[in-house]
Each structure stands twice: as C-alpha cells, then as structure tokens.
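Note that the chains are named A, B and C in the order they appear, and that numbering of residues resets to 1 at the start of each chain.
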Amino acid sequence: MQAALLSASHYLGALRDDEALPSLNDLLEDICRHSYRRIDRFVQLALVGSAHCVRGVKLHADCGIYMGSTHGPLTSNIRVQEQMLRGRELPKPFNFVNTLGSISGFYVADNLQLSGPSLFVSRYGRSLEAALETALTDLATEAVGQALVGVVEEAPLPLDNQRLRLQVNADVTLGEGSHWILLGPSAQSSPQRELGLHRFSGTGELESYLASHVRASTVVCLGRRLGPSVAHLLRRNIPEAIDVAHLPLPFHDSIEAAWFVDQIANGKTGGVLLVNGGDDGDGCLLHLGA
Amino acid sequence: MDREQLTRELKVLIIEECEKDVRPEAIDNDVLLMGQDSELGLDSLDALQISLAVKKRYGKRIDGNNETRAALQSINTLADFIQR
Amino acid sequence: MNTSYLRGMALNCALGLDRSTCLAALHSGRMNSDKRVLDMFDEPLELSYYRIADGADLLDPERMKRLLPPVVEAALAPAGLTVKQRRELPVFIGSSCFSIASEESHYARELAHDPGHAMPMRLTGFDVIATLVRETAGSNAAAFTWNTACTSAANALLAAQRSLALGRYRQALVVGLELANLTTLSGFSALQLMADTVRPFDARRTGIVLGEGISAVLLDVEPGPTSPRLVAGASNCDTHGVTGANPDGSSIAAVLARGLRMAGVEAAQIRALKAHGTGTVTNDEAEARGMHGVFSPMPPVCALKPWLGHTMGACGLNELVLFASALEDGFIPAAAGFETVDEALNVVPLTEETTAGPGYYLLNQFGFGGNNTVLIMEQP
C-alpha cells in the first residue's frame, strides 16, 4: 500500500549524562499556537516534531494523527509509580492523565487545529510500521484525506536507568526523538515521492521485491529485528546496505524510524528502503520512491 | 501560621502545581481563580491538582464539588478554609 | 471492498468467565460489583469494583498469563483455523493498562528490598499483550497495539475492519484487555470521578465504577452460520478538554454522523444504540447532546457499564462482544439500576430487556484525549 509523501521532519537529540534535558521552550514558543501548560516531555517532543513537519503545508482539518512509540509517555508513568509506591499517595491528576497515549495526540490536534482521528498505535521497536500501516489503511479507505504519522521516544533522567530499560551498555549515548511524516493520497505522477509499506514472508518474496523495486541508487537499511535468513540475503545481495545497529546515532528504541525519517526529511532522492522482520512472516519493507 | 505567609505559600503552590507562568505577587488575594473568565483561568483539573497538594501540605481535604468551588474561589477563601 | 464478520467472540468479565455465563447473568439481573480497600497508601482507599472472579489476588501480576489465553482460544475456536492461518493472523490489541500491574508489583518489591536501586517502569513497552496473544494464537504476523484511553479496543477493531475491507488480510484477531492495577484505581480516585454505583444518564449519577474484562474477536471475510457483520465506523478528536468531549455534544454528533456515512446507513435505520454511558455528570451530558444531534427520534439506548463496570481501554470490545452476544440470543440488555430521568439529557436507557431483531446497531466509545469512536454492526 502506498501514499504520497508531502513532508517530513526529524529531531534526534543526543543527551548527556551530566546534564539536565535540554530545554525545548524556545522551539515550543516558536511553533505553539499558545503556550500549553501541564504537558510533559513526551508531549513537548510531539508538538515540536509535528509542527515542524507541517510547516508551510496546507493541512486539512480531517487530517488524521497516527502516533507510535515503544515506551510512550515514560516520564509521566515513572512519576505516577513513584508517587504511588514510593510516596504512598494518590498520583497527581496531571501526571496520571499524561500517562495515556492519546494525550499527546490531543495537544498536536489542538496546536494544528485538527479534528480527524487521533490514534496511538505501537509495536515494540517497530512503531513506525504500525502507525504507518494504520495511516495508509485510513487513507486508502478514505477515512481521512491526509495522515500525519509520528514516532516519539523519550529518555527520562537518570540516563543510567534508561540504559537498563533499553538493555544497552553504559557507554551508549542516548537520544530523544520526534520523527514525523505527512502523507496524502497516492499520486502516481510522482513515483519518487511515493511512500510504500509492503509485508513479506521469507527470502523468496523479498528477493522478488528487491529485483523489481530496488535500484543501484536506493539506500537500504537493515533493521534490528531482521530474521537471520533475510539479513543474510540482504547483506549478500546489497553489500553496501546499512546496519542500523552500527550507526553512530544517539539511541532510542525507534532508531529505525529515526534513520528512515531523517533520510526522507533530508530530501534523499533515488529511493530509501528500510527492511525489518521477515524470516517466517512479519517482514516489513518501508520504501520511499519505489 | 501567619496569614500573609500562608497566602504567599498558597500562591506559590498554585503557580507550581498548575504550571502558571506568573509571579506570586501578581495574584491578588481576592481575584477569582477558576473559570475561563478569571485571571488565572484554572479549570477543574487544576482544582483537583490543587486539592491534592493542599491536603498533602496542610492536611485539609477539599472534597465534593460545592466545597471545592467555595474554597477555591480566591486565595483568601482558600486561606480561610485552611485556617478553619 | 471486503465485508468483515464477527466470526468468533469471547469474553471474561465481572458477569462471568465466558459469554453464556455473562448472558445468564444479564437475564438474572445479577450485577457483580463489590467494595474493596487499597491499603498501600497512607490513607486507605475504598472503592467499588467489578472484578473477574478468578479467585486470585486482584493485583496479582500473573493474572494476564492465566486469563488471556483461554479468551483468545475461545474466539478462535469456531473458525477451526489451520496452523498456516494462525501463523498469518495479524493481531490488533486495545488496552490502557497493558502490563502496568507487573510494573507496579516489580517496583514495589524493589522498594521493599533495595530502595536505593529501585527503578519504576523497568519492564516497559506496550507489547506484552501482543506477545502473549501471538504466542497463544501461533501467530507470526503483524501486531498493532492501541493506546487511546477508553477507545483503544474500539479503534483496534475499526482498523482491523478497514484492513480486511482492503483485502490486506483475510482474518484478524482483535483483543481488548483491562486488568486491575493501582495506577487506574488510584488515578481515577485522584480525579474524583468515582462513584459507589454507576447510573448512566440517571439524574442521580455521580461517576464511574471501574471494572476489568478481557475480550477477543476473530474478524473474518468469511462468515460463520450466524455471524454478525462489522459494517464500518469512524473516529475523531475533540480538543475541548483532555478529560472529556465538549459538553455541547458537537464532536460526538460529528463522529456519529461520520460513522453512519462510512457505513452507508441512515440514522433511522439504527435499531438500538449501545451508549458509552460512563455515568459522570459531564460525559453523559456530552453523549446525550451528541446523540440528540443525530437521532430524531432516539433509538432504544442500552448502557452496559452497570453490568461490567468501566473497563477502560478494553471497553469498546468487551461491550461489543456482550452486546452482540445478547443480540444473537435475541435480546437487547437493559441498563441495570436506572431510576430517575434527567430532563436535561432526555435519554432514557432501556429498563427492561427488549427483543432484538435483525438490522443495524451502533456502538459508542469516548476517551480521554478527546478521542471519539463509533462502530456500526449488522445483526443477520
């Protein structure tokens, strides 16, 4: 299934262990219709990323919002747990409300004056696929006329705790990210701006796809959850394929989304392909410029 | 507790709990705190947040709609409630 | 576009551990909420709750592992899927609690034994339910997990219906799950939204009563002998306030109208409406106004939260399964406990069971974050 890419924005901030999280206040002041209070870091990241994505684009009021995340509003969830179990008291109302996935979509919808569906759909380490497939389905069934897809990941302090959650080594630089894509109905007249999502199972289907859709200029990236047979095939057929796990990027669990959106936000022509999953079902290809 | 100290504390509490970007000195003791037409524009969610903080700090529980509305009308009514 | 059918359905909730027990409880008028006290806070918290009667400690983190698989299997049973079909079955999950009970239990233990190193949300990630569902079903296909507060499971079902309509999949497994946890119980207490008894649309209503429940639906392009059709639905967002839709009902009326348009059904064709009916002063007001904005006259209104409690993210699917099961059994359930009409709302839910006939039925769900979702089904 596919849709037309209208715009994209990419924010991936490296975090230092010995510092507070960088303030987003200037960015927020720049892009928010009015100043929002009672929002947490997750909402701040969502506001900044979504607003930058749609800058200069005519948005329809029925544009749907499709957000995904591995960890979601983690800081608010941490606060609530601490208030209840360490503090032995009821959680603060704002903190509790902010633990819900739909809250970030609420503020994005308010800031961009949208009234279409506002959905939060995720998958561990593969949230861009989940959110994107839902968006593409809604576009294809004409439930919406445009779709704003976003993946947001926080890294709450202290970073050492977050490394434990992510199960990465102490020397890994962590990042927080906000990665957004705006889609419209498929426009076959501009194939290089068509974004497609295709599911595959096994090396046979993948090989057919590579043969018919991948050119020498296509940048190919291998996701962390590739099946071993599929990974082997890709590394053999496309030796220059990038391994997302080896990229020197500040890390969060939607790092594939970070890479993919960075590529397309920077106007990469000639095709961008992200491959994940795959050995025995559940393979997914995200392809710009198929 | 000294009344002036209490009213100042309450203003700081409200500003912090509700994340309002105003100085404590800017809040008059008698202005309406709640509602879209009020200076601070606080809503029912703010009222809950304040109620919990008041209970934690001063041990006074604000329960039920009418009591909340009355106590949270202004800094003075809130101070009255706490000092009752 | 392909049609989707509710080929298999299963439910475990306060009314009973399977659909037939739940239907018997509806007929007998037996509501199963009880009072419980949470004493892990400095001030003990007493509340009403509709629990699943599995005999376990309410906050036991292992309950999901025990309770979820049988519900999944019960939904899959009627279709007699092959191993290949199970492997290719995508899963669509709707929840608001996820595995938070495990997180809470884990953190509490750490605090007791090693407070210096205790860390909340250690296990984290939304995938726990999806992983367990996939293991149980034998699925190795795509997984989607919705976290949109009280509309989560309804949105999951709607996405599955649209995916099948496009021919992306021929079958889909949709699961709704809510199990008791401290965060939900204490969070809603902090919001002062809880009541002793839930009375949707009643003049004396004062709030919600929480509950837990697990449901599963196998959506299939092929019907079984009596399968209802899931026709279509719609979803929108209202930015009036984070905890509820605009009381003027405008966004609810808009989503109702849109859902009917997507389904190709007129308001007059709706035989009955399963309301969201949380029992709070403002939610019911918004819903009533919204319904009046679209329906004239108002079809019979059914409210299921007096039977199940408010099962949060799972409620859209829990209530659909209960409602569709009742329709299959030939009746529309009454709203237990309704006594006093609220003239301002002018919505009077059914106070007695009514015969259900073939035709279209509409189901409402609304959630925090301004999320509104409506589903339309057709009973054969």
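Remarks
Throughout what follows, contacts are C-beta pairs under 8 Å (C-beta built on N, C-alpha and C of every residue); 3 or more make two chains touch, one makes a residue touch a chain.
Remember, it's a predicted structure, so these values are computed and weren't measured experimentally.
Chain-to-chain contact here is organised exhaustively, every possible pair of chains being in touch. Chain C has the Cα centre that lies closest to the mean of all protein Cα atoms in view. Rounded to whole angstrom units, the spacing between the C-alpha centres of chain B and chain C is 37.
The centroid of the Cα atoms in chain A and the matching centroid in chain C are 27 Å apart. Once the centre of each chain is set as its mean CA position, chain A and chain B turn out to be 40 Å apart. Contact of a single residue of chain A with at least two other chains is seen at positions 89-90, 92-93, 97. Residue positions 190-191, 242-243 of chain C are each in touch with at least two other chains. Along chain B, residues 45, 48, 52 each make contact with two or more other chains.
Of all residues in chain B, those touching chain A in their complex are 17-21, 45, 48-49, 52-53, 56. Chain contact summary for the complex, chain C toward chain A: residues 1, 40-43, 45, 87-88, 96, 100, 103-104, 107-108, 111, 115, 118-122, 124-127, 130, 140-149, 151, 155, 159, 162-163, 165-166, 168, 182-183, 186-187, 189-191, 234-239, 242-243, 251, 254, 262, 367-371. The touching residues of chain C, when paired with chain B in their complex, are 190-192, 241-243.
Here chain A touches chain B in the complex through residues 35, 37-38, 89-90, 92-94, 97, going by the rule given at the top. For chain B in complex with chain C, the residues that touch the partner chain are 43, 45, 48, 52, 63.
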